[in-house]
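You will see subunit A twice below: alongside subunit B first, and alongside subunit C after that.
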Partner chain A sequence: MAPERARRGRRSWKRYSSRTFYLFVSPWIIGFTLLTALPLGYALLVSLTNFNGRTDRWRWIGLRNYRELFGDADAVASLVRTLAYTAIAVPLMVAGGLGLAVLLNRRLKGVGLFRTIFFLPSVVPVVAMAIMWKLILNRDAGILNALLEKVSIGPIAWLVDPNAFYALIILTLWGLGGGMVIMLAALQGVPAELEEAAAVDGASRWHVLRHITVPMISPAIFFQVVTGVIAALQIIIQPLLLAETNQVGSVAQVPQNTHLFMVQVYQEFFANNRYGYGSAMLWVFFLVILLITVVVQRSSRLWVHYEVDSEADR
Partner chain B sequence: MTITQTSAAAPATGTPPHTAHRRRRRRTDAAGAYLLLMTLAVLFVGPFVWLVLAAVKTKAEWVAIPAEVLPDTFQWGNFTRALTEINFPAYLGNSLFLSFLYAILVTMSSAAVGFGFARLRGHGKRPLFLLLLSTMMLPQILTLIPTYVLFARAGLVDTYWPWVLWGLAASPYLVFLFRQFFAAIPAELEDAAVIDGCGYGRIFLQIFLPLSRPVLWTAFLLSFTWIWGDYIAPALFLDPDHTTLSVAIAGFYRDPHGNPDATVQAAAAALYVVPVLAIFLFAQRYFIRGVVGSGLKG
Partner chain C sequence: MFDRPVSRRRLLTSSALAAGSALAAPLLAACDAGSGGPSGGGKTVTLTVMYKNNELTKEHIADFEARNPGIRIDFIEYDDTRLNAMLASNEPPDLVRGAAVGSASGNAQQLATALDPYLDSSSVLRKEHLLPANDSFRWDGKRIGAGPYYGIVKDWSQDATLWYNRALFAAARIAPLSTTEAISYDELLEIAKKLTKKSGGKTQVYGLGLEWAWNLWAPISTMILQQGGQLYNTDLTETDMTTPQALRALKWYVDFAKAGVGPTSLDPAPDGADLSLFLAKRMAITQDGYWYGGNFVKEPDEIKDNVAMAPAPVMGDKRISPTYAGWGAYIPAKARHKDEAWKLMEYFMAGPPSQERARSGWGIPALQSQLSLMPQELPYQQQAYQTQQNELRYAGQLPDSPYIGAAGAWHPVLDKHLQRAVKNEITVEAAGKAITDEINKLLKQGKDQIG
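And now, the complex of A and B:
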């Protein structure tokens, strides 16, 4: 009698618990369905049409948008540019964040102040960031060219082709403090004895960093690479806001060199009213990002050391 | 890891001249580190300083060649013009309203979802959690444009409803933050409440939420700054009268010829970043918790 009742009690408790679980996570499930899955599915349908966003006169055109995309030199060029930007910006971001973290990971007075200073730019809103750097990089009135002139380097037009690309990289690097904080937290988990022991053994500082510190914090570095790649691929606001233009947000005046893939998508949607074609671009990009993420994840087996594996060594 | 094995013998070799040499080396090291840190600090702080300097210059001083570092007299009038040339208070109000609205909603919804994933059991919980983690990796811009198209058809563009919906939908990033925190709370607490006949709704509200004040602050401050700093969503979803300060500052300051009004815009941008910087300086540990907590304990 008693175990029977207990079992029934347990089952109804299980049901209660399961129902409560779904009740608690329902905001996300509903939100994900309506605000992530639905828009993506909708974009997939629109990508098979010639919808222009205005009139309701559209028709199914099958895969024609996709076929056009592979022959679209501008789109392909912007994708290549985006990949190049990612390949340059992410290693610089990760290395810079790691470098700053290593610098700050010692017992020096005032380290907290420096940490605040380096972390600060990463919370500055992108609009303010763009305004600040346009003031610095301004060809005539900017401080950078004024300083360069002191060493007789003529005025450089930073915000137009071909230099706009470097301006974008500089803007990106200024915000590397977020990554630095993650690396710093990881570094503080590395046992000091390990590094000291190696140093006493005569290992050079570079050697210690390369063969002990970096492998120890490789999960944090890996996390930085993954989030950095995804952030870099989807970048759109920075090129729009850095463009020297009278009409902010107008795609037409974004320099060729910072005309990245999402800028191209934005242009197809809102300047050319080609919603169908733009949706096809979004989906191709979605698949490209998925592919890159998988490749990065796979590569992690070669160079990321998780605590569990190294346990045996220690 | 062969280094650890050989290290045991090492301390014996430490002789006095050796340590003196090392102490000297450490001192020059520290000096070098400070020099490097100072230089880097100038690079990181420089843009703020140059912004404020631009904000207190006359237009002539701003375009002067060679560039003048300091103005003759501080043009505080640029700030008054920044406040009056456009309807600054209205845009500020819109920004504050949307930021508070979204931050409160998303903090509460993410806490609830995080609690569900941390403390409750249900069919399909694991695949759901993996789905949540993978959406953290999904670029938001991919869904933003189709969402705009859908919302435009549903008549939700030029209203604040999108922010309500985004807030209610919880943020995967914050869900993960809450989930990690709730999962670390000992089970005895909850077991005792269950035995007393307490439902999970009350356990969440009366036991877990009061315990999680630091994470609540982290989530609130992070999400507040997301909306405060966002440009693309208000630019797409809101008309120029209902838009936020970020959009207004980026594009609405014009001189009579229609060119960007650099000095007044700089003053406005300075006013716009001050709240973020103030929040950051006073609550830095919450931001660090937010950045680190999501990144490491995966």
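And now, the complex of A and C:
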């Protein structure tokens, strides 16, 4: 009788446990289904049509959009540009965030104030930040050129080619305070005795950072790399806002050097009304991002160190 | 009520219900939003209107509702993406803001209602009173300018005309421009070079601002028409930007950009528009329509006393001075309350709002009968009025193919290849060829779409 009751109790607990689990995750599942999975499926269907977003005059065209995409020089060039931007921006963001975090992970007077100052730009809305940088980088009236002029440099047209790319990188780096906070939290989890022991053994600060601190916080760095890569690949607002135009969202004035893949997608959707083709571009891009994420994930085995043994945890 | 302990299970159930309700509420509200009830029957009809709130204002709406007790307006701020979604789901607004130039695509796809039956029976909006800008809203199944009207223009301008600062002309010892005779584009560029002042790598005064640098398609099309050329072939399915007329137009723009006499996409104005430079006396000429004069009314005398309007320049023998947009409104083909929408159209295009607009000087009214309302109190307004009256004789329509969005699709292509020509990466001829290929690809796709 007693084992039977125990078995029933275990089963009931198991049922209760799984029910609770699904109930807890249901808001996310519902959100994911309605806001991600369904639109993804819908976009896949649209990508197989010549839908223009306005009329019901569309028809199935199979994989024609996908075939066209692989021969579209503009789309391919914008993808290459996006990959180059990601390859430059993400390491700078991660290294910059880590550098700031290391500097501010000390017991210094007023360190809280510095942390706040460095974090503040990342909470400023991107629109305000872009407008501010547009003013700073303005060729004729910008403060940066005014300063450079003092040392006989310029004036430089930052917001147009070939310099627009650097302006975009500057705008991106301005928000590295968010990464800094994550790195700072990770640094504070590094046991002080490990670093002290290394220092006692004669390791320099650089060696401690390289061989103790960075491996210890590598999961946080990995997180930053993955989220940074995805965000950098999907960037669109910043190039549009930095473009010299009086028409909000006008894709036409985005310089070639910052005409990234999502800007090209935006152009296909809203300038050319090619919703089918734009959807095909998005699906291919989704697969590219997925592939890059998998590669980064796989590479993490080589450089990310977890303190918890995942096998023993099972 | 809150003193009873809440169990974890109850909390979860309540949360799920709350989340479900939160999700369902907007969906239900959205379903309800479309139900304005059918026209007539003594019920109040809710008219869904998508416009810009600084054009169709709250005051206009209140006035219209007071004059039409059976009609209530549900106003939606103009938004392209939302409009597309509403059109695609067959739940369009009853009246929508739209431009006459570029309307061929929507008209060919039967998105708009033919307004001729309404115009024929209207006492305030009559075909014979409509000024030429409205012709761009006409579509006969093959071309614009003929067939039924699919929209009415709110107000418009002949956008290639010039505004200039006479004081800057005097300082450069250049005679003022004629108020009636059109200057050639080549002469204009020469004058612009003389008016431009540079120092230390910076431009102190720009000679000429081509406000339309954000819409290259319209002015380049105009230049081609002025030389007797055509932008499209007869069935509007192909373009050829390698013709002598097209190449001359492209070359002029490349020369203008290389001369550095005005902002371009490679050397843009700080805020992307000419106005601040023009008001700061850092730009001598700006190419803008009559509407631009509305900017100067509240400016100091040194601006008001020195601005003047001149006719649109020409490139060739034919003097054509078209509108580049002609904003107005149309009634979607699947609108639910067309009769009530027409009442609003009559009120907005021929009633008190249209008279207000005509008096303001922010554009030419769309009705012949309202031309006399255009402002003439200030000397510059009188001069602009006279120049504008003369310019009306040269109003014409820009070409419009149903297979491509006008400025929206053309401009990125033109700008991309012309930038390369300005930077000497390719020749003007190569730019013309590349533009032709790319636009023809878009036209082919459009043809495939519409059939």
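The criterion applied here is as follows: the second predicted complex is superposed on the first by the 280 of 314 C-alpha atoms of A that agree within 3 Å, B and C clash if a C-alpha of one lies under 4 Å from a C-alpha of the other, contacts with A are read in each partner's own complex, and residues count from 1 in each chain.
Everything below uses one rule, namely that a residue touches a chain if its C-beta (ideal position, glycine included) is under 8 Å from a C-beta of that chain, and two chains touch if they have at least 3 such contacts.
Just so you know, these numbers come straight off a predicted model, no measurement behind them.
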Inset, instruction - For A:Asn272, decide between first (touching subunit B), second (touching subunit C), both and neither. - result: second
Inset, instruction - Identify which of subunit B and subunit C touches the larger number of residues of subunit A. - result: B
Legend entry - Touched partner set for A:Arg57, first subunit B, second subunit C, both or neither: second
Inset, instruction - Using the touch definition from the top, say if A:Leu159 reaches subunit B (first), subunit C (second), both or neither. - result: second
Inset, instruction - Applying the touch criterion given at the start, work out whether A:Asp140 contacts subunit B, subunit C, both or neither, answering first, second, both or neither. - result: both
Inset, instruction - Could you say whether A:Thr20 touches subunit B, subunit C, both of them, or neither, answering first, second, both or neither? - result: both
Inset, instruction - Look at A:Ala220 in the shared chain and tell me whether it touches subunit B only, subunit C only, both, or neither; answer first, second, both or neither. - result: first
Inset, instruction - Using the superposition on chain A described above, determine whether A:Leu40 touches subunit B (first), subunit C (second), both, or neither. - result: first
Inset, instruction - With the two complexes superposed on chain A, say which partner A:Ile30 touches: subunit B (first), subunit C (second), both, or neither. - result: both
Inset, instruction - Could you tell me which stretches of subunit A are touched by subunit B in one complex and by subunit C in the other? - result: 20, 23-24, 27, 30, 34, 53, 138, 140-141, 246-247
Legend entry - Parts of subunit A lying in touch with subunit B, wherever the complex brings them together: 14, 17-25, 27-32, 34-36, 38-40, 42-43, 46, 53, 100, 103-104, 106, 108, 114, 116-121, 123-133, 135-136, 138, 140-143, 145-146, 149, 174, 177-178, 181-182, 185-186, 194, 197-198, 200-201, 203, 211-212, 219-220, 223-224, 226-227, 230, 233-234, 236-237, 241, 246-249, 262, 265-266, 269, 275, 278-279, 282, 285-286, 289, 293, 310, 313-314
Inset, instruction - Name, in rising order, each residue of subunit A that touches subunit C in their complex. - result: 20, 23-24, 26-27, 30, 34, 50-58, 138-141, 154-155, 157, 159-161, 244-247, 250-253, 255-256, 267, 270-274
Inset, instruction - Name, in rising order, each residue of subunit B that touches subunit A in their complex. - result: 1, 3-4, 6-7, 10-11, 13-14, 30, 33-34, 36-37, 40-41, 44-48, 50-51, 54, 62-67, 69, 109, 112-113, 115-117, 120-123, 125, 128, 131-132, 135, 137-143, 145-147, 149-150, 152, 165-166, 168-170, 172, 175, 199-201, 204, 225, 228-232, 235, 246-247, 249-251, 258-260, 262, 265-266, 269, 272-273, 276-277, 280-281, 284, 287-288, 291-292, 295-296, 298
Legend entry - subunit A-touching residues of subunit C, taken from the complex the two chains share: 8, 12, 15-16, 19, 23, 80-81, 84-85, 87-88, 90, 106, 109-111, 200-203, 214, 265-273, 405, 408-409, 411-412, 415-416, 419, 442, 445, 448-451
